[in-house]
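Structures follow.
Across the two complexes that follow, subunit A remains constant while its partner is subunit B and subsequently subunit C.
Coming up: the complex of A and B.
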């Protein structure tokens, strides 16, 4: 009887109930955006260099590359895994493309093939990660860390000094504008929207959550566990490869220290955004918030000339705090 | 015996709860509940899931504080107890999930709270073993439980007795047993009952919670029925009967739990030939036809669950054939489910539901391909299907976004059943479909099973509850120690026949008949 009453009320006051539901179900996402507004608001009041439009655009631009990596990381973390090889994947893609450009006398005709090659390398490495993890059932942290270590060695073998000889048209990719919209911002927006649709509105997306929630239940519910996991790692490495190609265009040289620290930063962004590090819960929209918050904070730190070491310390603290706040689903 | 019972009934009241009220965020869990327990009495507490039994128990053990009402323990009045206080007073509870450390010995577990110290502040191992032996002796279990054995090597029944010994170690005068029989294979039941009776005769008060009413008639002196957070009645067991208790619990007379069979089985759906599963199940052959309910009976460890799981690709099949619709059955769970062979598992929390996800998510999980339009999930199609399933299976509350971990056991089971109803399966394997769920939810599950058979779905129903097997099955396969001990046709159904086969004592006799 009480049930019927509730249903009727729902029908007559849709907006109010739905809003309260929205707030209850999305607490962590709302929280992160409120924090961003607070940080930006405080910084804008305190520092006049911060509130210039060009600085704001700067924050957005700073969040492009880490954002791409964090999109991939989100998908992996949703499955209950973690991908610690993303920074090295981005780096090896950049270095490989740069090396070939240098060897072929900066031939602009190679731009498209090399972009495709870079994306292929990314997908291939992700496939490796995924296959090893599904075959061995080992902890993804150990596996991807091992792969990262191998890639780090390969990267050092490729070059220890910056590689020059990237053709001019490639360098212009990064600052290319369509009208007044920078192409890189456009790519970022497309990637975020695509990731949102992928995680919320596709079968594989739903499978990510299922696999992260419970492997056994997922398997028994007609979800292809191995395929889902391998797809997640391929997607993650693919995103890292796009990031590596953008980084190459931005720095203009094949940089043997490219993307340093972005593996950890991407995990921080994901955790900040409320995706459970135990898998199965959270939203890509939260990760976007996490990325923007990190970019805003790093911008503020730079304006205030905070030592880079303290910034590191701060990142570590954030991870510990967010993990403590969200806890394990079982201990809650 | 009668004289003893008489003296128990006049035992003095040790624990009494008066007019207890408790609400959680506006929802009333208990309303004016009163309950008392005498020394040397076994007082059963029954009610559907969500009737308020657990809340009441948690108020007694101090885990919750009542909003209003008083607790009288041994003549002293308390407004509320906190957990440490309840323990010091001698109130202990044995839950379905044990609090034992598997890697420690029986003696270590029993004296975990208070380790006996010897000279120099070192543990006195001898005293510890002696104390454990003494407590086990009090329970009459010293002969088959060695205090120095590691707990992980004990059977579930033995672990339960260790858990009771642990309660005695803190001088428990009131012992609360939350569905102790649900986790036990039936051969251990007698031993448990003997232990409980021993405790009663020593003057302990025992609150005994169970869904199995026949146990209550066997064991308890009085029974209190809770429904929707209210005390319906407290009855002396000898003055009541099964039907009365059930109607008090559900609030309506439950004429027939088992909907009648209304279809005839069709062609062969599943054929199992000479199946062996790694070390536990040997040479099993049987068939399931469309629209047929094949029951599987057997004691704990008889291989029923192993077989059920092996059929959907969990566990390693060593030899033999499984033919589904004439073709070899898929070997992976996901492919089996896709082909229409699904398992409603014994342990719904570990195998049936993604607990931290919503009811909608869980119901939709095996049905995602139905909601895809041009590569993208259509939320309106999903919502419509989910709402229909919720209405069909009568899940309460009917809120698609509620997290499944917040549902009661019976409603969780309805979600597991509901997700497969939506998927149009061809063969559904139910393993203990009604374990730990209340009478009302049971009846709903039986209705759903009949509905499935009417649509030509084949059903395998493995259960340790003989009445439901007898009520629902067309045939019953009886297992004994991993082998098929016999098959009983509907016209020959009786608890005796099945138990004889299941215990393996009378195989030859029955065959020679």
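Coming up: the complex of A and C.
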């Protein structure tokens, strides 16, 4: 048989065998980073504005908000669910904080309490999502989609116009630098490392994979199924809340249309990175690749001054091609 | 069904300490089946007490047209849900239909633009079905990707500006009456009758239930499961197109945000009418009741004079409540 022949040949080349195993296990991750290199390389050769260091830093900075949301989304997708309320959670956190700032006359003393309040709102909404999903055994996509619709209405009820009156110290969070490294890029790196350690090295992180792989096996292995799921949704909304707070610092106004479309983009980043949308397979490193690719593409489109509608067209096309090419291993 | 007295069949039930009484299971089942009709009566009573303007003839006519449009779209959504899929691209197809007909109606005979519109819808439906059935993409991701793609294509084509005049025949469908019934409502009724006959009395209809109920059993029974799923997605997209044409006749121009809420609403209507996500269960009478309930609720927001964004809250709450109820019902019935 062909398999045996291959094995005997590889026995004499252990390093080759290890390498081929590594490639086979991480095809999608390697693929995404190769694609990023190709896109960035092509853009750097063709456009001199693209290859400036400040633009490269810009790509990183632009990917922070979508990246934060995508970290949370990855965790939920690993459990076999999906969280479509993340964009609205980010928006409601930003709007609430902005409203209170405006009502209290931009008092800088309120910055820390309000950040904590924002994070608390995020965690609360995530817990709510998780509880409905685990208690009623309903489809997570539709539950979070419905919650997103409710939050959209509530957000418009809070304000239909941008809210001004954010104190200056809060706005400086976004531009704060340590040496030459922007603090927000640092925050992003810390978040990604933390998420990587969380999903690969902690008990709860491994439970996410087990839960996404098979509910039955997870329960038989004495994994707390419901608790793991609720944790995942809380984590996702929590990340979205951080993203909302960052977005508020970046735009400087509480925007009732903030984070529009980020729910779908985060799912796109996760799918591009090769995490199985049926759950249980994939790595957070892939998602990072997906986020960077989306940010690089968006940057290239903006430099080439591509119409926003065509950008949407391309985004849809990329998604359809990606999902059509990656056939799910589970159903094969 | 005496599911609770028998030992739990599913793997999940064995781990759960939750042991519902048979009476409770029966109650949830009945609630799931009758939620929409009961709620309609409740909403009508509330409307009668709080907002007598609700029953003015002009408002009733608006209701009829809104029910017709959402009803047509929801028929397709119900079919798709019956085969365990979902279609989030209905709103984009619906909006695209109006654009195609308005833009091409100028030079060509009208029937050619209609054929063009429905052909485009069929292609998008087929693409959805291909991704879902052949490539095993999770349906909501495939169809949401399609939604973004179609929206991008439409906006790139129209440059995001409202333009054009809607052909006379579409205006007639929306504003004329046949006897006391608005023509749009009649279109909905006719489509309903055709699809109900098709579902209950032809083998193709039974195939849809078989595929949704148990795909592998359906495959062993000689049904071409992939073909059924693709066909159902095509029908859904074409019904969404029909809904879009009726809607554009009512609005009178083609808007940037035309029909953006029809995804949420059509799913909510189908689910609250008793269709389940796990497929194979549900019927169009339930969906019709779900459509009526949802439109009544959304209209109530307007008639009561609340800010319009409470409609989002309303449709989201209905969706979450309906999905939670049906999911719970399905869970109880399967144990």
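Observations, loosely collected:
Just so we're on the same page, the second predicted complex is superposed on the first by the 313 of 332 C-alpha atoms of A that agree within 3 Å, B and C clash if a C-alpha of one lies under 4 Å from a C-alpha of the other, contacts with A are read in each partner's own complex, and residues count from 1 in each chain.
We take it that a residue touches a chain if its C-beta (ideal position, glycine included) is under 8 Å from a C-beta of that chain, and two chains touch if they have at least 3 such contacts.
Predicted model, so just to flag it, every value in this text is computed and none were measured.
In the overlay built on the shared chain, the residue A:201 is in contact with subunit B alone; subunit C does not reach it.
Using the contact criterion defined above for the overlaid structures, shared-chain residue A:19 touches neither subunit B nor subunit C, since it reaches no partner.
Between subunit B and subunit C, more residues of subunit A are touched by C.
Once the two complexes are overlaid on the shared chain, A:216 sits against subunit B and subunit C alike. When the two complexes are overlaid on their common chain A, residue A:224 makes contact with subunit B while staying clear of subunit C. When the shared chain is aligned, no partner comes close enough to touch A:120: not subunit B, not subunit C. Judged by the touch definition given at the top, the superposed model places A:277 against subunit C, while subunit B stays out of reach. In the superposition on chain A, subunit A positions 216, 219, 225 are in contact with subunit B in one complex as well as with subunit C in the other.
By the touch criterion stated above, subunit A contacts subunit B in their complex at residues 3, 6-7, 21, 25, 197, 200-203, 205-207, 209-210, 213-214, 216-225, 280-281, 329.
Across the complex, subunit B meets subunit A through its residues 312, 314, 332-334, 337-338, 342-343, 345, 350-357, 361, 364-366, 368-369, 372, 375-377, 379, 396-398, 401, 419, 423. Per the touch definition, subunit A reaches subunit C in the complex via residues 82, 132, 135-139, 141-143, 145-154, 156-157, 160, 215-216, 219, 225, 264, 267-268, 271, 277-278, 307, 309-317, 319-320, 323-324, 327-328, 331-332. Residues 11-12, 15, 86, 127, 131, 135-138, 140-142, 144-153, 155-156, 159-160, 264, 267-268, 271, 277, 307, 309-320, 323-328, 330-331 of subunit C are the ones that touch subunit A when the two sit in their complex.
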